[in-house]
Amino acid sequence: MKEVKLKSYDNTWYNPGGLPKRVLWYACNRLFIKTSIPFPTKFKIILLRAFGAKVGKGLIIKPGVSIKYPWFLEISDHVWIGENVWIDNLSSVFIGSNVCISQGAMLLCGNHNYKSPEFDLITKKITLEEGVWIGARGIVCPGVICRNHSVLGVGSVATSELESYRIYMGNPAKNIRERVIS
Amino acid sequence: MKEVKLKSYDNTWYNPGGLPKRVLWYACNRLFIKTSIPFPTKFKIILLRAFGAKVGKGLIIKPGVSIKYPWFLEISDHVWIGENVWIDNLSSVFIGSNVCISQGAMLLCGNHNYKSPEFDLITKKITLEEGVWIGARGIVCPGVICRNHSVLGVGSVATSELESYRIYMGNPAKNIRERVIS
Amino acid sequence: MKEVKLKSYDNTWYNPGGLPKRVLWYACNRLFIKTSIPFPTKFKIILLRAFGAKVGKGLIIKPGVSIKYPWFLEISDHVWIGENVWIDNLSSVFIGSNVCISQGAMLLCGNHNYKSPEFDLITKKITLEEGVWIGARGIVCPGVICRNHSVLGVGSVATSELESYRIYMGNPAKNIRERVIS
């Protein structure tokens, strides 16, 4: 069987933005977003927009949040991002209106081709449609679309599409019941 | 189907304590409890008691622990709280004697009514009875009672009552075998 | 049924190294390894070696990594350790060549004898053979051997040996398919 050779890994094709911008954002993310100091959400939004994020109205961001590349982030209206949420968006993340991402959850856009000796980097967009709830410490995997009003349970791992108005639980997350809103 | 409107969310009924007290505790938690600096447990206990926690004898708290509201926390004798444990106690947490909460575990008291367009906040008490062990990175969900000497496995998610002297594993955690102490 | 008495816990037999060394490493780990400041990997390697770690060539360590005792750590060539990886090596951890440990993963060497009233400490070696990939937020439990080119999925928990060239997912992690590298 063939073997992985990380020495031959080559991600030079991947260009997520200029180095100065990335370094500057890394510092801003650490100092003003990921920090425990509860800076006003308004200030965080100004910062995110300055770095290219599209942000709607009514956003709430708690302390301890980490965002990899704001220029790959689009947030609609009335979104909540809980404490210590990790948006590891090596590629685009779209967050629809009325989405709640609870504390400690993770949006993971980066993957590796484990079938290749070069372990090639793969990045895929994540989409959270309107009214989605990602439970505390839930993980959304690269390329996953959470259809409108789907729910990912606490500590669960979404590896493929979540259907709308359905509740998922487990690792990998399974469709366990309907979400009836009344 | 109806939709969630986070704009109409209303948690004004929820009053977890006066604002000055909460702000002061937020700072103390960050500076003296959640910090990597290993302040003596004795000092941490004085602080917790000053903010209304009931703390028995023999407590050990490692660095990196986060406690939301100490005035909602009751800890019996000879309890261990491991590194980076997150006690997100929006409501009461009771920890019985000889309980061990291992590193990275989370006690989660807050939930939302996902069946309501207003996504109402729901807070529920967590009870860990005597001799319970919450494994590393385990998560205890709102309202769960872990009966005496039950065990939640590494990375597992307790969504409903754990029976006494039983071991649970998985997400959601399932009863897998008896805990025989001899 | 018998009860756990944490008061009678006795780990005096466990001697992971002299106190001054452990205190000094604790500070170095926090200031230079676990920090968000992206110190060059070269500097981190000098530090790890100074504290007794065996480190091969081509190592990459991202920010936020935590290593308990570097003198219990052996890393072969071309290894990647991702952001916020937690190597809680109360005993030996061996990491083979071309291993990737993704962001937020945890290697857990410490356990307790939950069948004993004294809750005795148990520490067991972890071995990651060549070409292994531990996915983001995956957890490897004490004593586990991940055979060469095995893969632990995102958020999964390895509680027993992973066979070579097999992919595991879930909690506890189950063998779900072959890893074919071509």
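Residue numbering begins at 1 within each chain, and the chains themselves are lettered A, B and C in the order written.
By our rule, a residue touches a chain if its C-beta (ideal position, glycine included) is under 8 Å from a C-beta of that chain, and two chains touch if they have at least 3 such contacts.
Remember, predicted model here, so these are calculated numbers, not experimental data.
Under half of the residue numbers found at the chain A and chain B interface occur in both copies, marking it as a different-residue contact. Matching CA atoms, the turn from chain B to chain C amounts to 120°, rounded to the nearest 5. A separation of 25 Å divides the Cα centre of chain A from that of chain B. Residue positions of chain A with contacts to 2 or more other chains are 155, 170-171. Listed in rising order, the residues of chain C touching chain B in the complex are 1-7, 26, 30, 34, 86, 88, 106, 108, 112, 114-117, 119, 139, 141, 155, 157, 159, 170-172. The touching residues of chain A, when paired with chain B in their complex, are 36, 38, 58, 77-80, 98, 100, 103-104, 130-131, 133, 136-137, 149, 151, 153-156, 165, 167, 169-171, 179-182.
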